[in-house]
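Chains here go by letter, A, B, C and D, matching the order in which they are written, and residues are numbered from 1 within each.
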Amino acid sequence: MIRAGIIGATGYAGGELARLLLQRDDVEIKWFGSKSYTGQDYTSVYQNMYQLTDAVCRSDDMEQMAEEVDVIFTATPQGLCASLVNEEILSKAKVIDLSADFRIKDVSVYEQWYQLKHAAPELIQEAVYGLPEINREKIKSARLIANPGCYPTCTFLSVYPLAKEGLIDLSTLIVDAKSGTSGAGRGAKTANLYCEVNESIKAYGVASHRHTPEIEEQLSYAAGKPVTINFTPHLVPMDRGILVTAYASLTENAKKLSAEGIKEIYHQYYKEERFVRVLKDDTCPETRWVKGSNFVDVNIKIDSRTNRAVIMGAMDNMVKGAAGQAIQNMNLMFGLPEDRGLRLAPMFP
Amino acid sequence: MIRAGIIGATGYAGGELARLLLQRDDVEIKWFGSKSYTGQDYTSVYQNMYQLTDAVCRSDDMEQMAEEVDVIFTATPQGLCASLVNEEILSKAKVIDLSADFRIKDVSVYEQWYQLKHAAPELIQEAVYGLPEINREKIKSARLIANPGCYPTCTFLSVYPLAKEGLIDLSTLIVDAKSGTSGAGRGAKTANLYCEVNESIKAYGVASHRHTPEIEEQLSYAAGKPVTINFTPHLVPMDRGILVTAYASLTENAKKLSAEGIKEIYHQYYKEERFVRVLKDDTCPETRWVKGSNFVDVNIKIDSRTNRAVIMGAMDNMVKGAAGQAIQNMNLMFGLPEDRGLRLAPMFP
Amino acid sequence: MIRAGIIGATGYAGGELARLLLQRDDVEIKWFGSKSYTGQDYTSVYQNMYQLTDAVCRSDDMEQMAEEVDVIFTATPQGLCASLVNEEILSKAKVIDLSADFRIKDVSVYEQWYQLKHAAPELIQEAVYGLPEINREKIKSARLIANPGCYPTCTFLSVYPLAKEGLIDLSTLIVDAKSGTSGAGRGAKTANLYCEVNESIKAYGVASHRHTPEIEEQLSYAAGKPVTINFTPHLVPMDRGILVTAYASLTENAKKLSAEGIKEIYHQYYKEERFVRVLKDDTCPETRWVKGSNFVDVNIKIDSRTNRAVIMGAMDNMVKGAAGQAIQNMNLMFGLPEDRGLRLAPMFP
Amino acid sequence: MIRAGIIGATGYAGGELARLLLQRDDVEIKWFGSKSYTGQDYTSVYQNMYQLTDAVCRSDDMEQMAEEVDVIFTATPQGLCASLVNEEILSKAKVIDLSADFRIKDVSVYEQWYQLKHAAPELIQEAVYGLPEINREKIKSARLIANPGCYPTCTFLSVYPLAKEGLIDLSTLIVDAKSGTSGAGRGAKTANLYCEVNESIKAYGVASHRHTPEIEEQLSYAAGKPVTINFTPHLVPMDRGILVTAYASLTENAKKLSAEGIKEIYHQYYKEERFVRVLKDDTCPETRWVKGSNFVDVNIKIDSRTNRAVIMGAMDNMVKGAAGQAIQNMNLMFGLPEDRGLRLAPMFP
């Protein structure tokens, strides 16, 4: 039995973690951490869990938590995990951080984009970027996981084969992403009220969203050189789901291949990956087909008029974009089948 | 391994059955029946199942299906199951009918409300009304299950303890119900287009909805006398969920009890029922807290100003109101734990 | 030119008032009051008004406002208007209060349901309940209007002919109402976040909602005797719209009439009313057909099985339920055509 | 009094035309054409218009219509207008075609993208592309208007100043657009059912959408040379609204300018345009702020990291993207103030 603790258990990502872990027989959530609701029944916050747990929310004392659990998930605002974690904690419990604190290797880049002083820069190098499809082996032996951001996960898995094979000119890459509103978190802000979000769509964080350097860093590893991109997220009136539509010019190498040839590379890259589904023919990914699951659906369309690839990916931001991926990482870290607790058929409608 | 067949596998209820059964290790779907999509890949219709099955849709030949499977689910329009099922089929396979064909014992009532000639009246008496919380033992030995309607399930489980204990005057019972749009089915009708349903609410089938006699029949068994009610369903701009708000005058017996005393009766009735959750204090059921699960959440409020009980129930119409309840019945019929494959924590948001 | 001031101009009802008044040539909004946004551009809050006004938000100083305007609208939380208004203000400007402060004649009833000490009880008797279809003449000469609540407006206009004619037993009246989320206001509360409201429906304020005594009081005037009812509002995932479904037993007088005869009474009552539309035949009101307009659509269905009337009304809670009705009252108070600025065709979809 | 006829009056764009025209005193709709509903009350289809008209739907006999009206709007599928219109009709009535039949000057391009034989190629040259902000003078004297597509209107007005001034490299232009579901029309298709659209987002028509050549043609006029672009539309779960996010590399000329300098060009281009609002500072357009109005809100963001412009535009696809623009054209053609009937403040929420 794996004993787990969640800091930030009453946010949306924390709630999804709790929901997925509570359905497992081999994991016990020992600690539901929630600064806002300390002392209250967890099910008074998330009534869906009523009768599935009788836990009471506790503080975010990570040191004490490390005494009681084997793995700690931090589903908290940027900066908190870095301010709490330390060597002693890591010597007792594995830590999977769903915030951005350990995703970016260059601390100055982190501090510039996040406008925060990093509280534990000495741990950045050790942290493993928890994208199992890329870093599976490193994850297995990691103590500290930087669970990837939702947009970066969907973008990177969609673009990776082309980037790795040098088939697109990454200096032309433009990522236009669309997200459901759960990605905005559970904070009580006017901008996230029902009537403000419903029946509207908008871009936000244009040319300044903090997932930009994370995407760039991962793409630069794939490409073997620095990458600078345009990334524009949009807010969509739906609960869950991320759709990425990305555009890039084909390289000369790519132009020698047929559209089928390029598609075949996707099949080769992902044929062993349970959670990446390369769609048939010209089927476009749609977020409805992945809701509640750990899948990323990807496809590409080669536009022969413009010699560009249009690359598309769809994903549930709460699952593969947050809690599901964190559990995938936990499974790897504990030597379990990677898909345990994640064999979830998407729910439709 | 239970071999299952679904007639109507490309409707919403059929799709939910497929989704839930495909996640089980002890059931194999041998036959995805779909008149509209015969010969096409099932996942070309329900892309969420991509890579989870490679089944091709087949006809609705129930006789052939009975040769190949142990249990047949019919998730089809009224009249179809009755027109196909017969003694020989029942001798080979168990049948769980999600349509209304075998729910109503008095065939003349069925024919009047449904405006259909019943094609198999000789099987009506044998059919068991598949509400496990009430008819558990009969279900275990049944060959033919009339899986309850969505509104009747939610209404009946919400009202049952009061009806059974004689605490409300059933002649005053008014049931005002609200349903998500998946209940309207997947047929291509203008009235169910996105722009017609979105941003609106309406009543429909006022004083004429066909679930009325089904609710009345079940309530009359509980009360030991005929019951006539008002039942008004409403269409709500959401995918899933049914909320029932019912009103009835308290009887003299009830007035002798405190509100807590009446609530305690609910706890007594449902304390062993995994899928009925009696909420705490004055917490109102909300459909968001049961989405994707087999739960019915119920609560009551005694209004001392009017001496009425306000009775509320919330449920996922696709799960406890259709596919989940059908699987609950299947589990009972095959001697399996009743909740196998149904230990689903509600998904939020 | 009528000079108008709005206290609470950055709430939803205040925003709707501004939107409707800004489209008129004969009204000038001189004062956009907003405690939260004082000093900020109005269009920084409501970007829809960009380039339509360059107003800056001001305080809620009603005394100063009365010096500058002819009519003051208060679209504010309960208690504020009563705490600000006084004889001197009323001597200078007409006041239309969209809160509940002056709707209930019995101050003790107000104080009990609203849990507030009334700050200006001496003005309650003078205030006119601003439902033009009932109190048109009194409104014309009023200084202080209690603009009706959204639920009471829709309920009362739907039920009124039956109540007035003694065709229903008001002791059996049950009002089940459903509202869009704009009715919950623009305050930043977790419960009103997009992901909390979307894809769900719930009852709230069961047996305790503060519009209950307002409905009861108005019905008692129509019936000529005290009325006690059950009223249950529900929150629906849509921006605008209220649907009322009400149930009552027919009196002996009503049973002598045919359904058509009862319907004819509705036509008689409302034939001169521009904003009340009695629908044809069995057409059910739907909120989509009134969105953005000042209409209330009503219809009834007589259920001969239960001898009850099912009474339905649909309305835009922001227009006829708030800002539109306030303007209708303003028009009457200033001797203008009652429908000026309100000849709005409902927007669909 | 202008007498108007609408062919396709029961589609969404036709309904919006009817709604806007019915609110005018100087226009009378003499003919509500609807092939599907001929002979039925118009308000039985669009209940929002109940009591605002008692019209009965008529056929799409354009010849007869031309005898009875001054202006004909065709809000119909591609190909119909071209098959009906002729010199005689144009000699009697002005025609404003909301379909694509006369938007593209090169008939072979039209026939290739629309997969239709053009039935009236001889009229293409005469037809004026009805974008008043560009072709105002030509519109005034036109007999036949090709009312622009929704995506092209929003895209072109957003990009125009940069294209015209040579500030972006149009060969790098990528247009990622998002539309509400009313754009998909009122046909009864499974793909447009509530449960299929709700809670999802998808791209469609990737590298093949028929608005692509229309955008390219208009941009090529602005740029003075041929333009080839990527255009990707997406379907968003909302009724109304289009958001365009476009990306293009800055030219050397542009790099010499500051971001403010480029923005200033927008202000210059649109300072006299009532319906194009250049937003302040970095405010992003959002579709909620233009709903129900004829506005296009635009803004740009210069990304100095990539030397690209991110260009954004938001618009109501039913108004400026269809019916509103058609009325704007009508006003010009009849010598009326261009904004008559279109001084609509956007409705929020």
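Simple rule for what comes next: contacts are C-beta pairs under 8 Å (C-beta built on N, C-alpha and C of every residue); 3 or more make two chains touch, one makes a residue touch a chain.
It should be emphasised that the depicted structure is a prediction, and the values quoted were computed from it without experimental measurement.
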Size of the rotation, in steps of 5 degrees, that lays the CA trace of subunit C over subunit D: 180
A-D or B-D - the one linked by more C-beta pairs in contact: A-D
Computed distance of Cα centres, subunit D from subunit C, in Å: 36
Whole-Å gap between the CA centroids of subunit A and subunit D: 38
Rounded Å distance between subunit B and subunit D, as computed from the means of their C-alpha atoms: 46
Two or more partner chains touched - positions in subunit D: 12, 182, 195-196, 198-199, 237-240, 286, 288-289, 291, 349
In the complex, subunit C residues that touch subunit D: 12, 15, 19-20, 22-23, 46-52, 182, 199, 239-240, 277, 279, 283, 286, 288-293, 297, 343-349
Subunit A residues touching subunit D - in the complex, by the definition given at the top: 172, 174, 176, 178, 180, 195-196, 198-204, 206-207, 228-230, 232, 234, 236-241, 243, 245, 247, 282, 284-288, 291, 301-303, 305-306, 308, 310, 312, 314, 349
Touching residues on subunit D, where the partner in the complex is subunit B: 12, 181-182, 184, 186, 188-190, 192-199, 237-239
